[in-house]
Amino acid sequence: MADASIGLWTVPLAVFGGAIRVSTPFLFVSLGECITERSGRINLGLEGTLVMGAMSAYGISYLSGSPWLGVLAAGLTGAMLGALHAGICSLPRVNDIAVGIALMLFGTGLAFFLGKPLIEPTAPRLPAIDFGWWSNIPQLKAALRINVLFLFGVALAPVLYWAFRTTRWGLLIRTAGESSDAARAMGHSVLLIRLRATMVGGFLAGIGGSFLSLFYPGSWNEGLSSGQGITAVALVIFARWDPMLCLWASLAFGGAAALGPALQSVGVTFGYHLFNAAPYFLTLAIMIITCSPKRTLTGAPAELSITR
Amino acid sequence: MTSEVADSVEAAAAAPTGFLGRHGATIEYILIPGAALAGALVVFGIFVALFGKNPLDLYFYMYQGAFGTWFSWQNTLTRAAPLILTALCTALPAQLGMVIIGGEGALLIGALSATSMALAMPSAPPLAVQFAMAAAGMTGGGLWIMLSGGLRQYRGVNETISSLLLVYVALAILNHLVEGPMRDPASLNKPSTREIGAANMIGSIPGTEVHWGLVFGVIAAIACYVLIYHTTFGFAARVAGGNIRAAKIVGLSVGNLILTICFLAGSCAGLAGMVEVAAVQGRTNANLAAGYGFTGILVAFLARQNPLAVIPVAILIGGIGASGGLLQRRLGLPDASVLVLQGIIFVFVLASDALYGRIGFLKGKP
Amino acid sequence: MDFSSISRRRLLQGSAALTLGTALGTRGATAADTTIGFIYVGSRDDYGYNQAHAAGAAALKKMAGLKVVEEEKVPETDAVEKTMESMINLDGATLLFPTSFGYYNPHVQKIAGKYPKVHFEHCGGLWTDKDPKNAGSYFGYIDEAQYIAGIVAGHTTKSGKLGFVAAKPIPQVLRNINAFTLGAKLANPKTTTQVIFTGDWSMPVKEAEATNSLIDQGIDVLTCHVDGPKTMVENAARRGAFVCGYHVNQSPLAPKAYLTGAEWNWEALYPKFIKMLAAGQSIPNFYRGGLQEEIVKVSPYGPAVSDAARRHADEVKARFMATGLTIFKGPLVDNKGKTVIAAGTERGQKDPELEKMDYLVEGVLGAAA
């Protein structure tokens, strides 16, 4: 146990630790949404996917005893919800934003409905890898107990960045997002590309949910997400559909979420509600500074309904 | 029992379609949403049957809880009142092609502004206070959404995201004020502002227990409908919503359109906040963040962004909410069943959009 | 449950069924007519505040002649008014338990005025003479259990620093923080309690972050006052800190780290209410009590609690049980140096001043507003 306090160093350390602990769901949802939106469709339903993923991961982990099976189940649940979104959106004249809101309700409701008996039991959690072995500061050691999902997410960002630029699949997704006519002219089914992109997006969002219930905060309850999924969707637009920027944005958001409690722990007690809203103030401020009315959002897929 | 529910809803949905059906597709506008609703109810029935509940009981209790008695009707209408106003906060900007999902924030700011106004004029006659509260609520909510509109127009910030972020900002401001500078020391375990006073409460529609918010909502919805479909301003907004470039070419000031529409949208949600204070809570506290703003988004999309259709849809969603308690108590279903049902209905109604103009026997119609 | 003997239970229930009808003003006096409604603000499976009440409701369900209807996640808006009316009109409920503080003013007051024959028992409210006579408010002095948990925590901490994850700076919460701290100071006068407010009743990520921040400050025993303590208990135990639970017994979540906890005992109180009504008595409109009245209880001690701590805590508990004990007595100084209770003044548990608490006592690090 820690005997020594590290005083004001708590704040930067908490922001650093928070960036690692809190960012992972944002990272997975935003990377997933990045793939979906690059294909020309927006899925606002990832909030529901995240919650559903968290619930199913916890349930499967509890029933099977294997948290990794839980992660897989969360991913598959997410992919199914993604398929549902893509399926409905492929009907003519159906608004993808509205379908997203519908699935947000449906996913959240279903997760709450099925998750009632899972609040009290304790399910096996995902393990942490100890990266702080070299340090003798217990606080730093604790901050560096990292889950492999976080590392996976961090690695996924540059892989996606690369894949969008250079692989055939990346090009196809971007073509579908920039001009469905062009994709069709190349002999590809735009609907099929978007279906796959939305399913992959849902898969990743589901895994983001499994992190919430199986690692941090590490149990299932109905307040678990409190809007993280929808915020992560917002992060994608904020990050200009760039996976690397999604990574930085998620880390910043996670760090900002840790700011409020950390400031209180060192005695800054004024206006804690305002500090707790720091991530939202921050995002808004950065968007106001970096956006410009003179050009459309750089990097925005031309087919995306939200930017048209 | 199914048909009973579906019938009543079809009847409800029929009300605005007379206006909608100017092009002769009236039947389509009744039949398709009605069928979608019936389909959703069937799917939900199967869903609860999986958990060992009798779907017929389900339909019966839903009908009874929402529309079965005068008490149920009042329950439904009370719940519908704030939803009409918050739905307009999404439906109006949708005419311009904007997706605003921050009605909850405007509601909270509207409530705060209205309460502050009432507290600032302690000795004024009630009617003056009520008018001032409504004006303050509408201005506060209007400016809040106008902020999103302005950010989009002058900084190119996406309005969907900014309006959502502003919900959290509004909630933080509200919590900060009611727990700090505006806190009534006597509010103890529920930090609140001081009360606006019983005399200043707006009360219920005579003969009912439904508060005046319902009337405000209906008037606002009709006014918005007239504005959008029967004025030059509304025509300009729809032109701009269809094609911004075309609107600019014909010399429309898109910036002014955006700001005005966003202000009007926000003032609807702000009025909902004022009504929650002046008809229900009597003061501002965290209870106001009850999710009316978010449910309003659902209502707006289900109404296909038509301000008049918002009224029956809000009543339908209010009815589902009203029947939710009975489903818990009689059938032992968890509270989340209401969310599941809303999600299923929403999915069905959206998917049914694909059917318009494709039903064989209606095709011959002009 | 004290209803262990079947014959005794039958007897009581028989009389309950017969007299409840008239006592509660129902039309018929048959057993099936007594319907009791419970309204929860959150999910009744939250492993915390609402679950504690649901356990109380479950105790009533076991009594013959009573029908219990429940509705969860009812917001503190006019929705709760409609829920109460719906329970009265459609279910024939004659006794209602709206269990969230925010239901009381204006909602319970309004509906109680409208239905004078229905009885309302509200948890946590401050009933005054001006309120309807058919409404009452009850609450438990759970600060007594927190005081004892504080003693145990004070004995267990090595760093002398305790942590408290709290939702909002309201009197009920502040009273718990203060009682916990005063208890800890009995064990070791130098103990401090660092408090972090998360801002709302259920914010799992914030609660986990607060827990981590507190532990980073060198804090080694934590407790909380939020709706669902599971997040704090599990995360603190993972970091190797000890925990005191709240609302219900959370020891299965962290068997080694769990020291003790402050629990509600609604499953003892609610049947007591029914028996009072059955015996033709009325429940006092302002009903309060602590350990002695069996409204709150202390979780069984965990394995990490030392013998000295057990003895000290048991001794104080015995004094609460026997004669009652005054936690808040002068001279008491708040953490800004101001005297909040003058020397010689004793604020007994039933003192209404305590329900207006707006300070944190000396030794608490944090701000009340």
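To keep things simple, chains are lettered A, B and C as they appear, and every chain counts its residues starting from 1.
To be clear about the criterion, a residue touches a chain if its C-beta (ideal position, glycine included) is under 8 Å from a C-beta of that chain, and two chains touch if they have at least 3 such contacts.
Computed from a predicted structure; not experimentally measured.
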Open item on the list: When contacts are scored as defined above, which chain pair ends up with more C-beta pairs, A-B or B-C?
Closed with: A-B
TODO: Please identify which chain has its centre, taken as the mean of its CA atoms, farthest from the centre of subunit B.
DONE: C
Task: Interchain centroid distance [CA atoms averaged], subunit B/subunit C, Å - done: 37
- [ ] Let me have the rounded angstrom distance from the C-alpha centre of subunit A over to the C-alpha centre of subunit B, please.
- [x] 29
Task: Interface hub residues of subunit B, defined as touching at least two other chains - done: 175, 179-180, 334-335
Open item on the list: Quick check: what residues of subunit C touch more than one other chain, meaning two or more?
Closed with: 43, 199
Task: Contacts with two or more other chains, residues of subunit A listed in rising order - done: 112, 116, 273, 276
Open item on the list: If we count contacts the way the header does, which residues on subunit C are in touch with subunit B in the complex?
Closed with: 43, 69-79, 82-83, 85-87, 89-91, 101-102, 105-106, 124, 126, 168-172, 199-200, 355-356, 358, 369
Task: subunit C contact footprint on subunit B (complex, rising order) - done: 64-65, 69, 71, 75, 78-79, 175, 179-180, 183, 185, 188-191, 211, 276, 280-282, 285-288, 290-291, 321-322, 325-326, 328-329, 334-335
TODO: Going by the contact rule at the top, pick out the subunit B residues touching subunit A in the complex.
DONE: 97, 99, 101, 151, 153-158, 160-162, 164-166, 168-169, 171-173, 175-176, 179-180, 297-298, 301, 334-344, 346-347, 350-351, 353-354, 356
Task: subunit C-touching residues of subunit A, taken from the complex the two chains share - done: 1-6, 10, 13-14, 17-18, 21-22, 112, 116-117, 119-120, 122, 139, 142, 216-219, 221-224, 226, 228, 257-258, 260-262, 264-267, 269-270, 272-273, 276
Open item on the list: Under the definition above, what is the set of subunit C residues touching subunit A in their complex?
Closed with: 42-43, 45-47, 51, 158-159, 161, 194-199, 202-210, 212-218, 220, 228, 230-231, 234-235, 238-241, 252-253, 365-367
